[in-house]
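Structures are listed in the sections that come next.
In the two complexes below, chain A is the common chain; its partner is chain B in one and chain C in the other.
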Partner chain A sequence: MKKYIPFFKAGMMEEMAYKTAIFSWLLITILQLTCIVFLWIAVYANAASPVINGFTFKEMIVYFVVTNIFSFVCLESSTLYDINTEIKDGTIAISFIKPISYRFRFLFRCMGACTCRLIIMGLPSLIISFSLFIGLGYLKIESVPVFIAHVLLFFVAMILAVAMYDTIDYMCGVLCFYTTAAWGLNFSKGVLVGFFSGTLIPLAFFPGKFGKIVEALPFKGLSQNPVFILTLRVDLMTSVKYIISSAIWLVIFSILGKLLFNHASKKVTVQGG
Partner chain B sequence: MSELKYYIKLYFTNMSRSMIARMEFRNDFIIGIFGFFIQNVAALLSLYFIIRNIPNLNGWNMYQMGFLYGFTMMPIAVDHLLTDELWRLAYFRVKRGDLDNYFLRPVPVLFQVLSETFQPEAFGELIVGAVMLIMCGIKCHINWTVSKVIVILVATFFGAFIVTAIKILTASPAFIIKRSGFIMQVFYNFRDYTRYPIGIYPKAIRILLIALVPFGLIISLPVENVMFENYNGLVLCIAIIAAAVVSMTIACFVWTACAKRYESTGS
Partner chain C sequence: MIEINNLTKEFRKPVREQGVKGMFKTLFSKKYESKFAVNNVNFTINDGEIVGYIGSNGAGKSTTIKMMCGILSPTSGSVKIEGVEPYNNRMKVAGKIGVVFGQKTQLWWDIPLIESFKVLKQIYRVSDDDYKERMDFLSKTLGLDEFLTQPVRTLSLGQRMRADLAASWLHNPKILFLDEPTIGLDVWVKEKIRKAIKVMNEKYNTTVILTTHDMQDIENLCSRIIMIEKGEIIYDGAIEDIKHHFGNIRTIVLTLKEKPDEKKLNTFNNKASYEWKDEKLYIKFDADELEVKNVVNYAFGELNAQDMQISEINIEDVVKSIMAGNEVIE
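Moving on to the complex of A and B:
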C-alpha cells in the first residue's frame, strides 16, 4: 500500500497543473445546466402531471446539478491514454519488470487526480449548490444526523465509483494492446458509460424492457446511485444495498480486467521500444 | 484564375494525404465513426425518453423535434469534416510550437491549417443527421416548397461557414495565450442549445443565439420556417449569407492579426 502513495500524490500534482481545464469546466457546465433548466421548465409546463417518472421539477434540477458535479470529479481517468502512451513509446516493457502492480499504480494515480478535483472544484460547488437548494426549498433535510450518514455513505459510494470507472478505463486501455484506436475507444467508452449511468437522463426515464435491462447493469453505480444517496432520494438501507452491489461489481470487473491483461500482455508489440 | 486552380489542387492533394495517413490506422477510423454514431444515438434516445412523457414541447411534437435534432448535425458535420485541425491547433499545436513549417511556405497559414485534416468520422454524424431528417421529415407531413428547400441548403452550407468562422475566431487567441481550446469549447457548446426549439429560452438567450453566437440563426430559424412558415425565406437566406460573409471576414482578419504573434518553442 505504502509504495503506491507517491502515485496518488503524482496524480494530485498533475491535476493541479491543469487549472484552466478545471475552470473552463465550470463555465461549460454552467452553460449546459442553463440549457437543461430551460428544457425542463418547458417539459414540465407541457406535462399533464407535476411528477414525471417520479421526479418533480425541483428534484430534476437537483439531480442534474449534482450529477454534473459528480461526473466531473469522478468520471474521468487518464489510465487509458497512459497505457496507450506506454505502448507507443515502449516504456511498458519496463513496467512489466517493476515490483509494483501495473493495475494499482494507475488506480492510485486516478484516485489522486479525483481527490484534487474534489478539493478544488467538487466540494466548493457541492456546498454552494446544496446551500442554494436548501435555501430555495429544492431539497429538504429533515434530520441532520441522517443527512450526515448519507454524506458518509456517499463518499464510500464515490470511492467505489471512481475505482469502477478507472477499472473500465483500464480495460479499455488494455484493449490498446490489440488496436491503436485509443481516441475512439476513449470516446465510445465515455458515451456508453455516460448514457447507462444516468448522466444524460435518470434511468427511470428508460422505458419497458430496455429500462429493466439498464437497471440491472452495473453502470448506475457509477453516477446515479451515488447521486441518489447524496440527494436523499433513497433511504439508508437502500444506500447500503447500492454500495454492496457496487463493491461486488467492482470485484467482478477487476477480475475481468486481470484476465484481459493476462491475455493481452502475451500479445504486446512495443512500437519503437 | 490559375491561382485559384493552384489552391484547389493543393487543397485536394493535402486532403488525400490526410486520408492516406488516416487509413493507416483503419481501426481508429472505424471506432471513431462508431463513437460519433453512438453519441448521437444516446443523445437522441435521451431526448425521446423525455419527450414521450409529454404531448408536445411548446407545440413541437416528437417528429418535429427529431427533425430539428437531425438538422443541428448538418452544418456542424460539414464543418467537422473539413476543419478539425483548428481544435488541435487551439488545444496543443501552438503550445508545442510545431507550426513553423506553415509560416515558411508561400501559402496562407489558415489555408494550410484548414487543409491539414480530413475527418471522415463526420460521416457518422452526417448519416445519423440525414436519417433523422428523412425519417422525421416524412412523419411531419411538411408542406415542402422551393423556398424552404433553398433556405435549408443555404443554412447547411453557409451555416458551416459560420461554424468555421466561430472556430477560427476562438482558435486565434491561441497565438497569444498559447492554448485557447477551452474558449472554442465554450462557444461550440452553444450548439447544444439549438437541439430544442428556440422558443423555450428567455428573450436574452434567444437574442444571444441569433445575433452573437449564431447557431440559432443557422439551425433554429430555418427549421422553424420549415415547420411553421413563420419567416420570410428570402430574408432568412440573406441574413444567413450576410452573417456568413461578415463573420468569416472578421475571423480571417482576427486570425491574421493574431498569427503574427506566433512564436515557435526554443527547444
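Moving on to the complex of A and C:
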C-alpha cells in the first residue's frame, strides 16, 4: 500500500491547485440552495399535508444542504477522463510498465482529492450548517454520544461512497478502451448517479414499483444513505446495515471492474510511436 | 532471459469508405482489414547481451517491444521474461524491466525531476542505500545535476532523454528496453547516453534491447543485431557476420593529377573494379581475395596518387541494402 502514497498526495496537491474552482463552487451552491429553499417553500405551501413522502419542510432543507455538500466532496472523480486521455495520447504504455495496479493508482488519487476537498470545504461547511440547523431548530440532537456514533459511521459510509463512485468512474473509463466516447459515458454516468443516488431528489419520491427497484439498486449508498446517517434520519442499527450493504456492493463492483479491465487490456492498442 | 516463440500480432481495423455516404456505410458494415505487425517471430536473448533490434519505420519493432514489456497482448505465440509472460503478469514483470520510449516520457511533467525520482523510488521500493548509490552513478554518467531541481516540462529534449534513461534504470532492472533512445539528440548527448548504457551493461550486467535508426548506436553498443522487415525476422546474428555477409569489401579513393586511361588500369585478375567519379578514382575490392598492401603500392607507384582514403564497408550500407532488398553495395 505504501507505494500508492505518492498518488494520494498528488491527488491532494492537484485539488489544491484548483482553489478558484472551490470558491466558485461555494458561490454557486449558495445560489442553488437559495433557489431550492424557495422552491420547497412553494411546494409545501400548496401541499395538502405538512409532510411530503415522509419529509417535513425542515427535514427537506436539511437533506438538500447536506446532500449538496456531500456530493461536492465525494461524488467527483477525474478517473474516467484520465483513463481516456491516457488511451488517446498513448501514455497508457507508460502506466502499464510500472509495478502498480492500474485500479489502485486512480483510487488513491481520487481519495487524495476527496480528502483535500473535505478539509478545505467539506468540514467547515458541514460544521457551519449543522450549527445553524441546531440553532434554528431544524435538527434536534437528543444524545451527544449517539450523534458522535452517527458521525463516525458517516465517515465509514463516506469512504465507501467515494470508493464506489470512483469504481463506477473507473469502469466507465475502462469502457473507453473499446470506444473513446468519454463524453457520452460521463454524461450517462452523471444522469444515472444523479437520479438513483438521491442527489436530485430523495428516493422516497419515486412511485410504486419503480421506487422499489430504485431502493434495491446500490446507488443510494453513494449519497442518500450517508446523508441519512449523518442527519439522524435512521437509527444506528439501520446505519450499520447501510454500511454492510455498501461494502458488499463495493466488492461486487470491484470484481466486475477487474473482469472488465482484464478483458479490455487485451484489446489495448497504443496510439503513436 | 527472454524467449520469444512464434510471436504474432495482428491488428484489425474497420475498412472505411470515403465520403459522407461511405461514412454511413461504415456505421453498419463490419468489414475488417487485418495487418500482421509481427509475424511468427522467434528469438532468445540471454542475460547480459546488448541486442540491436532494427528495421525500417513500421517494420514491427515497437510492437514487439510493447509485447515484450506487457503493454500489448500477442494474437498468438508467446513472450517469456524469466519464464513469465509479461502481458499476463504485468506487476510481476514490471519490477524486472525498465523501459524508455524515445517519444514518450515516464516522468511527471509538472514536478521537479528529483521528485519524479523519489516517487519512482517509492513505487519500485528501492532501499535508501541503493537509491543513493544509483543516483550517484546516474548523475555522474548522465550529468543530471545541472537540471535535477527543474520541472520536467522545462527540460530540453537531451536533458529529458537522459532523465528518462535514469528513471528507467533506477530500480536496477535485469532487462532494459530502449525504444529509439537517441532520437533527435545532438552528438554530445548521444555519446553520454551510449556511455551510460555501456556501463549499465558491463557493471550491472543489464540486458539491453535497443531499437534505433542510428547505426552509430548499433556499432558502438551492440554485439548482436536482429533485423525485422514487414513483421518478419530477416537477420539474427553477430554484427561482424553481417558485415562479412557481403565479403570484406574495401574502397580506396585516390586523388590523381589527371584522369587515367581506364583500359590500362591493373584489375588484378578482375579482383578490383574502378570508377572515375567527382575527379577521383574509386577502387573497390575484397580484402580477403586481394591484399590491401598490393593495391596501395600500385596506387602510389604506378598511378602516382597524391592522396588516398581507405574505407571499410559500414553497417549503415549493409542495412540500407538489405532493407532495399538488393544485395548490391554502393
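Everything that follows uses one rule, which is that the second predicted complex is superposed on the first by the 272 of 273 C-alpha atoms of A that agree within 3 Å, B and C clash if a C-alpha of one lies under 4 Å from a C-alpha of the other, contacts with A are read in each partner's own complex, and residues count from 1 in each chain.
Simple rule for what comes next: contacts are C-beta pairs under 8 Å (C-beta built on N, C-alpha and C of every residue); 3 or more make two chains touch, one makes a residue touch a chain.
Just so it is clear, the structure is predicted and the values come from calculations on it, not from any experiment.
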{"item": "Partner chain in contact with A:Ile229 - chain B first, chain C second, else both or neither", "value": "neither"}
{"item": "First (chain B), second (chain C), both or neither touched by A:Phe206", "value": "first"}
{"item": "A:Ile243 touches, of chain B and chain C: first, second, both or neither?", "value": "neither"}
{"item": "Which superposed partner A:Met111 touches (first chain B, second chain C, both, neither)", "value": "neither"}
{"item": "Chain B versus chain C, judged by how many residues of chain A each one touches", "value": "B"}
{"item": "Which superposed partner A:Val191 touches (first chain B, second chain C, both, neither)", "value": "first"}
{"item": "First, second, both or neither for A:Ile69, with chain B first and chain C second", "value": "neither"}
{"item": "Of all residues in chain A, those that touch chain C in their complex", "value": "2-3, 5-6, 10, 90-94, 96-101, 265-266, 268-270, 272-273"}
{"item": "Complex interface listing, chain B residues touching chain A", "value": "25, 27-32, 34-36, 38-39, 42-43, 45-46, 49-58, 179, 182-183, 185-186, 189-190, 192-193, 196-197, 200-202, 205"}
{"item": "In the complex with chain A, residue positions of chain C that touch it", "value": "11, 62, 66, 69-73, 87, 90-91, 94-95, 97, 99, 101-106, 108, 118-119, 122-125, 179"}
{"item": "Sites on chain A touched by chain B in the complex", "value": "20-21, 24, 27-28, 31-32, 34-35, 38-39, 41-43, 45-48, 52-53, 179-185, 187-188, 191-192, 194-195, 200-201, 205-207"}
